[in-house]
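Letters A, B, C and D mark the chains as written, and numbering starts fresh at 1 in each.
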Amino acid sequence: MELSSERRIEAYAWMTLTRAFDDAMVAMWKQGRGLGGAFSQRGHEAISVAAGMALGPDDVVAPMHRDLGTYLVRGMTPDRIFGNLLGKVTGPTRGRDANLHGMGDLTLGIIGFVSHIPQALPTTLGVAMSFKLRGERRVALTTVGDGGFTSGGTHETLNMASLYRAPFVLIVEDNKYAYSTPLDQQMRSARFAEKAAAYDIPSVKVDGNDFDAMYAAVFTGIDRAREGGGPTVIEADTMRMLGHAIHDGAEYVPAEMLEAWKARDPVENLRRRLLEEETATDEQLDAVDRTAQLKIQEAIATAVAAPMPDPSTLHEGVYA
Amino acid sequence: MNDNFGFSEAPASGGRTITYLEAISEAIAEEMERDENVLVLGEDVGGEFGGAFKVTRGLAERFGDDRVLNTPIAELGFTGMANGMALMGLRPIVEMQFADFISTAFDSIVQFAASAHYRWGGKIPWVIRAPSDGGIRSGPYHSQNPEAWFVHTPGLKVIAPSTPADAKGLLTAAIRDDNPVIFFEAKPLYRSIRGHVPEGEHVVPIGKAATVREGSDVTIITYGSMVHVAGQAADSVPDVGVRILDLRTLKPLDTEAIFEAASATGKVLVMHAANRNTGVGAEVAALIAEEAFEYLDGPIVRIGGQDTPVPFSPPLEDTYRPSVDIVAEAIKTLAAY
Amino acid sequence: MELSSERRIEAYAWMTLTRAFDDAMVAMWKQGRGLGGAFSQRGHEAISVAAGMALGPDDVVAPMHRDLGTYLVRGMTPDRIFGNLLGKVTGPTRGRDANLHGMGDLTLGIIGFVSHIPQALPTTLGVAMSFKLRGERRVALTTVGDGGFTSGGTHETLNMASLYRAPFVLIVEDNKYAYSTPLDQQMRSARFAEKAAAYDIPSVKVDGNDFDAMYAAVFTGIDRAREGGGPTVIEADTMRMLGHAIHDGAEYVPAEMLEAWKARDPVENLRRRLLEEETATDEQLDAVDRTAQLKIQEAIATAVAAPMPDPSTLHEGVYA
Amino acid sequence: MNDNFGFSEAPASGGRTITYLEAISEAIAEEMERDENVLVLGEDVGGEFGGAFKVTRGLAERFGDDRVLNTPIAELGFTGMANGMALMGLRPIVEMQFADFISTAFDSIVQFAASAHYRWGGKIPWVIRAPSDGGIRSGPYHSQNPEAWFVHTPGLKVIAPSTPADAKGLLTAAIRDDNPVIFFEAKPLYRSIRGHVPEGEHVVPIGKAATVREGSDVTIITYGSMVHVAGQAADSVPDVGVRILDLRTLKPLDTEAIFEAASATGKVLVMHAANRNTGVGAEVAALIAEEAFEYLDGPIVRIGGQDTPVPFSPPLEDTYRPSVDIVAEAIKTLAAY
């Protein structure tokens, strides 16, 4: 389906905001102004923003550690996310969970991320099953990395999603590495879309750095799920542009590989296209960029100023 | 004897008496009737089959296949699926075919369900039913008592009933609880004991132990099938006044009741069928040694499964497992201390 | 490759012995003369005997709970197996493990079975990897049920077996049920051989009740592994003819389904073929049958007469 | 301070001193050199990268990729693979990227490896290296201390060294041991403490605790990073004679040393960073309350992680985790009892 010009400019804005957040976070952590570790998602903006925008308001998503854009599109404000990164009481986990972990907020239809791979998958399947069993026209979406795909729970989830025809969409973020481990040390062949055939699940391979293509693929999958057509697997071809986490210099990634992918930068991609098509002007998009920078600086200020949790609350919330 | 695995029958104190297994089935059916969010899932639980132990027999016919869901062999996956269902307000009752296979679902329990609420407020109102315990010649893989792994893990609730009435009342409470609750059923009790269970709704609060026998000489703190072994041992030493505390809930522990029971006699025997080493009994003994030290008139004796896998052959399993004789001996020694 | 007449008559003898063991066991347990539970493998004789015979003397196998024939062919005597079933000290587990569980004997190249599905798979992969890393021309083989195929560990094992090109052969025993659960409640489609493509593993579907076909398929897989060609998946199409375990009446299995499969009995199959081809005479094969009956009766007598373990040995062997 | 996470540096008692991490790397390299059956496997352990903590850096270059095997993200599978390798006489050293992820491999450890020898004589001579413990702002999923799950499980050995010398000596012993050994490395100690380690072969026997501080008033029984916290607490109350027993091996426990340490002062404090509830400290306290009861002059005090997940934010984690001040207070209270 065709996205309106407004929506595509909006997409550019979300991707720019995501990129601005990421750049600022990386800078802060490198300056030692962070707390604990943090994961850069640089290069994944098209995937996470497309997922966020293709989902309906009542749908539910379980983003993983590089899906920053999805959180933002779903309405989690940058100051809350920085709050989480800094262990502040204003973060969605109130200082309990680290970096993008655990940032769940069901009022925004977001499931908190669990480190243990691939926990997000069976959980999201359960969300999808609740929609199916209750006859609700809602969809649940999650993402898995190339690395997470080789984990047993992924197999169990895809098998059950297909068996039960659950309204479940899975995006495989093939960013070529699991930490330091390249694809060819993870599996013999990395044709994820084809692997979905083992589960009789329809699948498609998409350029994960092309927002329009990603949006179309995710929308198609969500639409199929909503109409009772069961699950979809989307293989998103992309690249992790920085280290696994900020402390990781990623010397193991060949320079020429990064060079090649730089030319395919998802944010630049969309900007170029919007300009070529004359959907937007340089001035417009520069303004969008400036707004993003501003929002992020404000968010950081708010988060830095926010209080740390009160030690006396340690035991709160162990039980519901 | 052979038929009830050496467990004494609970006295039928008037009214109808039903088996431990019937009590569990009843609780599930009544809660499914009461709340359409309650559903059952697991291996072979559905259709006319109704599970390896037939606990869910008849439910599919009554409530439909959607609410009694057969799963593939994928404990990690279907327990994770239950996590997601629970987050959306469903109340899944997950059956592990045997408690032994709960280890296969470990991450979905200890890493996701246990901490979701603490980390971000995600409520996980499921119950895992786990047919546990041995003594019935089922070998190392169908006799385990793995409760200690989960009592050690923050955020879970753990229950282990010893009677039909508690089985029904605590399972009902567990299904209504907003937290992940692991419900250990003592499978040797399934058909071997009958007991009085009130008609209709019957709820036993989670976190409350019960004094099931009064006595002023020695206190036995135990749970599950061992409550019956403790009772038989106490019967066999009539000259010793044995007080028995049935913990019923293992997490959170009823520490008040534990300290009261310990101080009442000053002589404490803690026992369970699970491996003794770093078992729940160790926690109970350690709590008493710290909080009720002044009241102790003797060493805190612990009896539990040996530090070996649960062996299959009768001479070995009978040595592995706490017996009436061993407990009776320990009672006498403590009383004489 | 062609199997000699002698070897095929030997195969018939092993299948007959397996069937005789199974019949006697079922009878004993139904009469209450058993201990604990027991699993009948009726209908799986061709698979387990073919696997046992195709393996080389230095190869290693991890049979599962219905692969009785493999144990016998590898040299585990019926009296030892009955000893295990009866909790006797003469069983390979010395009364420690139940029924066919844990019946490992590395002098026979057999890995003990673990109940937890699918533990045999990664373990067998590790055995195969030890052969590869040491440059030994040995192969490791194991089996998984249709039910076990949906378990996460199966996915992890197949992915690594392919990645490392391990000398690993997997037989999928598709006997149509996992306990009471039919295939269509386990997965959307049960085309196991095709699922192997997701791992880039060569595979074949075979009539699991046809000894010659099974032998050829297993031999081919083992040969490929031995020559450095990596893993193979063999889908064996068969049927569980009795309940999951002896206590299970299996009322959930349609009578007509069992009828149809009765006509495909693997033992009868081979016998008929040996006679038609005039590879053997009725008298010869009747003699083989009588010998099998005799061996089993002797084995039971030996096992029944054997002592139970001494309670004082409870703690022996917890540590090596 | 910030750099060594508040841990005191072990005195460099002459000779060369190396870090806790260097000691571990050295043990692995020397054993790989000595025995070609020893190999390393896990996520990211291979190539030039050498693991999340760089413990295996340089090994691939030196011993080849076949002996330093990168695995996919599949803890259940690659630990199961290690079981099979070990059965064939290889001695895999399996690295869990963080101890927290050991739960993903649970079945391969507690259901296969732990009981294979007991059930049928299958030897599993592997070591799992698990970087555990917190205090370094890593949150609920990179700070866990899961040792109790494995101490409760028959057939495993569990080790938790507190110094570079013990780290090298016990890891060497673990690699040579014919049983599955889980080796919990206290990652806050990796680069924060240095200590004297003998050149060349250095073996510390499994199952032996060490008295690391003499004192006659109060006994602290602990292990891992908490040995250093206990030492600092003892330093802060110079007027109390504090004896410290470093368990070093958690399974099998050195019960003799435990009873001797307890009876030496009659006042015992058991502590660890792991969750207190049903932790290894509960077993130690319970053993003392049963076997050394006559020698006790006061309650057995237990200090451990709170019954919550390990929180990320400093004010919360510092409250979750045993601190020098809390321990010092407990020492004073016990001494005054």
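Basically, contacts are C-beta pairs under 8 Å (C-beta built on N, C-alpha and C of every residue); 3 or more make two chains touch, one makes a residue touch a chain.
The structure displayed is predicted, hence computed values, not measured ones.
Colleague: Name the chain whose C-alpha centroid is most distant from the C-alpha centroid of chain C.
Modeller: A
Colleague: What whole-number Å value describes the gap between the mean CA coordinates of chain A and chain D?
Modeller: 36
Colleague: Just how far, in Å, is the C-alpha centre of chain B from the one of chain A?
Modeller: 41
Colleague: Between chain A and chain C, what is the separation of their C-alpha centroids in Å?
Modeller: About 46 Å separates the centre of chain A from that of chain C.
Colleague: Two or more other chains touching the same residue: where does that happen in chain D?
Modeller: Residue numbers touching two or more other chains: 72, 74, 76-77, 100, 103-104, 107, 111, 118-119, 140-141, 154-155, 306-309.
Colleague: Where in chain A do residues touch two or more other chains at once?
Modeller: 93, 96-97, 101-102, 114-116, 150-153, 156, 159, 163, 185-187, 318
Colleague: Name the shape of the chain contact graph, picking from line, ring, star, complete and other.
Modeller: Its topology is that of a complete graph.
Colleague: Would you mind writing out the residues of chain D in touch with chain A in their complex?
Modeller: The touching residues are 43-44, 46-49, 52, 70, 72-74, 76-77, 97, 100-101, 103-104, 137-142, 306-309, 311-316, 318-320.
Colleague: Touching residues of chain D toward chain C in the complex: what are they?
Modeller: These residues of chain D touch chain C: 39, 66-67, 71-72, 74, 76-90, 107-108, 111-112, 116-125, 154-155, 157, 178-179.
Colleague: What does chain C use to touch chain B in their complex?
Modeller: Where chain C meets chain B, its residues are 35-37, 87-88, 93, 95-99, 101-102, 114-117, 147-148, 150-152, 178-181, 185-187, 251-252, 308-311, 313-315, 318.
Colleague: Using the touch definition from the top, list the residues of chain A that touch chain C in their complex.
Modeller: 150-156, 159, 162-163, 185-189, 194-195, 197-200
Colleague: Any idea which chain B residues touch chain D in the complex?
Modeller: Interface residues on chain B, with respect to chain D: 100, 103-104, 106-107, 110-111, 114-115, 118-119, 140-141, 148-149, 151-155, 251, 270, 275, 277-283, 285-286, 288-291, 293-294, 296, 298-302, 306-309.
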